[in-house]
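Naming follows writing order (A, B, C, D, E, F, G, H, I and J), and every chain is counted from residue 1.
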Amino acid sequence: MTAEIFAAKQKINIDWKTIAEHMQLSEVWVTSACLGQNSATLDVAKKLGALLNLSDEAVTVLQQFPAKGIGPTIPTDPLLYRLFEICFVYGYTIKELINEKCGDGIMSAIDFSMDIKKIEDAKGDRVQITMNGKFLPYKVW
Amino acid sequence: MTAEIFAAKQKINIDWKTIAEHMQLSEVWVTSACLGQNSATLDVAKKLGALLNLSDEAVTVLQQFPAKGIGPTIPTDPLLYRLFEICFVYGYTIKELINEKCGDGIMSAIDFSMDIKKIEDAKGDRVQITMNGKFLPYKVW
Amino acid sequence: MTAEIFAAKQKINIDWKTIAEHMQLSEVWVTSACLGQNSATLDVAKKLGALLNLSDEAVTVLQQFPAKGIGPTIPTDPLLYRLFEICFVYGYTIKELINEKCGDGIMSAIDFSMDIKKIEDAKGDRVQITMNGKFLPYKVW
Amino acid sequence: MTAEIFAAKQKINIDWKTIAEHMQLSEVWVTSACLGQNSATLDVAKKLGALLNLSDEAVTVLQQFPAKGIGPTIPTDPLLYRLFEICFVYGYTIKELINEKCGDGIMSAIDFSMDIKKIEDAKGDRVQITMNGKFLPYKVW
Amino acid sequence: MTAEIFAAKQKINIDWKTIAEHMQLSEVWVTSACLGQNSATLDVAKKLGALLNLSDEAVTVLQQFPAKGIGPTIPTDPLLYRLFEICFVYGYTIKELINEKCGDGIMSAIDFSMDIKKIEDAKGDRVQITMNGKFLPYKVW
Amino acid sequence: MTAEIFAAKQKINIDWKTIAEHMQLSEVWVTSACLGQNSATLDVAKKLGALLNLSDEAVTVLQQFPAKGIGPTIPTDPLLYRLFEICFVYGYTIKELINEKCGDGIMSAIDFSMDIKKIEDAKGDRVQITMNGKFLPYKVW
Amino acid sequence: MTAEIFAAKQKINIDWKTIAEHMQLSEVWVTSACLGQNSATLDVAKKLGALLNLSDEAVTVLQQFPAKGIGPTIPTDPLLYRLFEICFVYGYTIKELINEKCGDGIMSAIDFSMDIKKIEDAKGDRVQITMNGKFLPYKVW
Amino acid sequence: MTAEIFAAKQKINIDWKTIAEHMQLSEVWVTSACLGQNSATLDVAKKLGALLNLSDEAVTVLQQFPAKGIGPTIPTDPLLYRLFEICFVYGYTIKELINEKCGDGIMSAIDFSMDIKKIEDAKGDRVQITMNGKFLPYKVW
Amino acid sequence: MTAEIFAAKQKINIDWKTIAEHMQLSEVWVTSACLGQNSATLDVAKKLGALLNLSDEAVTVLQQFPAKGIGPTIPTDPLLYRLFEICFVYGYTIKELINEKCGDGIMSAIDFSMDIKKIEDAKGDRVQITMNGKFLPYKVW
Amino acid sequence: MTAEIFAAKQKINIDWKTIAEHMQLSEVWVTSACLGQNSATLDVAKKLGALLNLSDEAVTVLQQFPAKGIGPTIPTDPLLYRLFEICFVYGYTIKELINEKCGDGIMSAIDFSMDIKKIEDAKGDRVQITMNGKFLPYKVW
């Protein structure tokens, strides 16, 4: 399904931003669904199928509940690795600050959204990633 | 050094926000330096030492160049793990979008800053993490 | 802190059930907090400290935000291992049924409670573990 | 065999609950057998074959003794991972309580049953997993 | 506790066979309990304490519920490794024969006993290990 | 070769015991050779080929020197895992007793035989595995 | 794509030095792009395609953004392993000297170039690898 | 020994360059020996001992044959990791070019030297690492 | 290529000793080249091709520079494992003796040869493996 | 015990060759026993104790049955690693030749001896390691 979508996307020469605007959804979510990491509703899958002229099978697969995550091995691709490096270097800093601000609990990775922006800068463009997740306090029972 | 700082911080009952404002630096950077993941200049180390009444040794250690990162094992603490889960689930999505927007290269984890905010919300507070890193294009030579 | 609690518990010869009833909390939560896997409020920590005659330091540690989870290595203790075996053998079954009943999402391990019971049975006593977690649907944005 | 069953199930648009009721067996057991994690008797395999119109080969495979368990790697799918997280965070709590209630021994994962329920709740639906295993005391000889 | 027992055993120059006969238990079980892999009743612990002149603390530890198993790493000691090699080489053979003889299920490692014998032989002495575990059939529910 | 043998065995509906008696060899050895873990002589391979009507190629492969052992990963199949659990829990016990009885050395896994029996028992059938290996003393030179 | 390039290179019997001179790029960069570890611009990809008579598909793949790095497993090929050995033996030496000379930061592996030379020597030829990366100081914010 | 050297070096406020010039050896070799990764001759060890006023014990340890290399785990310190990343991304490129230039063999990591330089640059300073190792051809016998 | 050579070798029923004598090379080297672990010159590859009637492709592959080594996983085949066991048990002994005899350095595995012999013995035949590698002293620079 | 022996050896400035000649045993065996990888008889332990003036405790430890082998992690020390590299590169070659010469079986690492020699050579000294182990044929039963 992912291969079909990438081929279709290249064929009509459309970028994720345009696809996302057409879908009235965010770039990150749409890309993740096309990479098999999120599950689309029937409407969303059909709309994407119509836009990219996908096969019925691809439209069906888009609606399934995928096994998510790229295995527990940390990848060596430098762009991907930097994300893990941020977790290794700043992980306990993030834990310390969330715990101090909100108490015992976590930032949800499910009730969660993300935004990725290129920020133009004369000294060199920058990338900004914004993550927003619900704080889930540990239940006491 | 970290243990001394945490004890001193608890003794005078001060939070990271107040420390950071006093230092005129961000909460994330100050916390990471106190956790031994960033290196302070002499001025910064002295100012923190004065605020928290740290030993000379702790002030010296704050200026050293630490071996960063919490080992290559993925931690099981749920708050820490969620950060890795985001990398596993959304890693290729991030790569795809950065590559499409900026070309072949990475978001730097060195020329990099981060901000962590609690966002109050009637349906449950949220945590917002903003990462901002320089885009480094691959050199061709 | 855990060692002090276990010694105190043995000294006054009290079981977790009695401690939990005294605390008006569940056995599982109280035991997990004493094992350093959950964080107590000031009131809860003081009440436990009074019951078991704990040191001030132990009462303080009970209120901290612990790094949770026993590392990513799967333990070889047979009782512990059986829990992982259930995940290996029935993991995809659980995913299939939760996805079919509730859609794409997870059972929360944070907004979560658990109960453990011994069920007497003439053919051999049984253990019943009941887990109850909020269903968190994946956000679409 | 699993692929054939899932295709057949989708074709006649039947859910696991209905299949299980028809088989007079539990949803969890039937799903696990269809995922190749449990072994069916001839009668059970034939009944399922008739219901779903399976090939003779699938009916035969359902009766074999599968190599169970999804390998020793901890999966990154968030729903699956939460099950392992519960083991990491609450494993020693479960051991402590089973040992205190029943003595030295384990909860069997073989003489074992499980039930999975969706519990509707105005504040958000919940998932309840009930595990029931025979307590096996360590033999002294 | 193990160190104390080994020192005491060496001091009075007694072998496991003699200890086991005195305890009216098997050599394997007694040795495993002294190595912290099985849990003794009060009577058994006291009898062993009297025989070896152990401290009260050692007698108490013998009655606790140990975390069993020597971690998931396969040891390189040649005697220990050969046991794992037998599992690697003959594991599926054992599964095939138990499944054929008894159906789907396992040989219990809990309701289990073991005997180790030296068998004198002119062509070189032999070691015989006999394992005896209850067959546990998989439950269908 | 293994697949061909299993298909042939199922076709003529013969069990390992009968095959082994026909071959005048033990069940364990014959099964292990058919699983590609032992090497047959020409005579043995031909006799098995005749009994099961195997292809010439299978008869040839039976005589080769296989790369033995199922990789160094510990399997999650519960029957297989129990064998490793016995090694983890009782490994040092076995070492202690063999060393005490025989001195420094090992039980050979090469000059080795094994027998697997079902023992009928009113309280539940049992499985008995008997391993017999030459004691090899460490050479001093 | 890599296989096609290697076959084409062998067919016209050309070495990397000649290819690189024709491309007016370095040997190391050209080789790395052909091995799928760097991304070519349209012009570069076309020029290489013309030189080696590559298919349109190979020319397209050369321009994609590859997932870089040969997995996190350390290879056993002796030539490759020596590179890792240098990192293991001299890694902290390199860190110490870069930190002393430049302060807290890293040598970039992205704004980076490398040169590999054979140096003829009567006592045995030598290999010289020169790495040149931008020093990136850690940002303080 | 390393700790003593670093303390002595800090006390007299001397850098590696000055130490190396005094020793008439390279900075890299001297640093590596002080980090316990190379072995000094008696003369070298004494000269360093005199310069830094080291204890006799440190002078002795400098002459021993250390177990080299920082374990097989890839470190998460970003400066150290970048060295491994270069091996992952450019490893096969280096192999391809050395093999083409010199034939089957390796660059020695023993008959080996390294130089590390800071190169000042208006657009940002750079780090240059030069490795020089003997080419060792595979023996044919 | 390896498969073709083994089939050809079996077809003309020739052993490695005879092949090696014909090639005027050692058995070990010839076998290793046929297993894809060493690289043959044109002459050697052609001579072997003529002897075994190999395809042109196999003759070409024999001359390539293979990626050597069977991955970093320690194999479970008992014959292979014993080689690793010798390294685990006697590794530091070998280091101690080479360092004492020759100083700081290594035995080369590149400028290296090996011989394998069967030694007939009334008490059981023996295998003798002789390894001969150049001593490479660590360079001081 | 090992530390005591090494200190004693250094104090009287004796090498392993001289120790071994005094003991009328081989250098390799004596060194391995002193490194805790082989077990000495009472006589041997006493004789070594007398030569090196060891404590009674060291003499006792020399006679115990050590847990052998340096863990399953492959060491990064270059001298040690080369031994593993030889296993990775030549492992299957050794298996092929032993199997062809002797049939299915292994070279014992228990009924085993080793010799290490420095061979002086004008082109650079060499190290020769000779391993001699009993061939153990797989038992058929």
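Convention: a contact is a pair of C-beta atoms (placed from the backbone, for glycine too) under 8 Å apart; a residue touches a chain by one contact, two chains touch by 3 or more.
This structure is a prediction, so every number in the text was calculated from the model and none was measured.
> Work out the mean Cα position per chain and let me know which chain is farthest from chain J.
A
> Could you put a whole-Å number on the gap between the CA centroids of chain C and chain G?
51
> Distance between chain E and chain G based on Cα centroids, please, to the nearest Å.
Comparing mean C-alpha positions, chain G is 55 Å from chain E.
> Centroid from C-alpha atoms only, then distance chain F to chain J, rounded to Å. What do you get?
Using C-alpha averages as centres, the distance is 32 Å.
> Touching two or more other chains, which residues of chain F qualify?
Those would be 28, 67-72, 74-78, 80-81, 85, 88-89, 95, 99, 105-106, 108-110, 112, 136.
> Would you please name all pairs of chains that touch?
Pairwise, the chains that meet the contact rule are A-B, A-C, A-D, A-G, A-H, B-C, B-D, B-G, B-H, C-D, C-E, C-F, D-E, D-F, E-F, E-I, E-J, F-I, F-J, G-H, G-I, G-J, H-I, H-J, I-J.
> Could you list, by residue number, the parts of chain J that touch chain I in their complex?
Counting only chain J, the residues touching chain I are 15-16, 27-28, 31-32, 35, 37, 68-72, 74-75, 77-80, 82-102, 105-109, 112, 114, 116, 118-119, 121, 124-136.
> Report the residues of chain J in contact with chain F in the complex, numbered from low to high.
Within the complex, chain J contacts chain F at residues 25-26, 28-29, 38-39, 41, 44, 65, 67, 95, 99, 103-106, 108, 110-113, 136-141.
> Considering the complex alone, what residue numbers of chain I touch chain G?
Residue list for chain I touching chain G: 67-72, 109-110.
> Flag every residue of chain I that touches chain F in the complex, lowest number first.
Of all residues in chain I, those touching chain F are 73-78, 80-81.
> In their shared complex, at which residues does chain F touch chain C?
Going through chain F, the ones touching chain C are 76, 78, 81, 85, 88-89.
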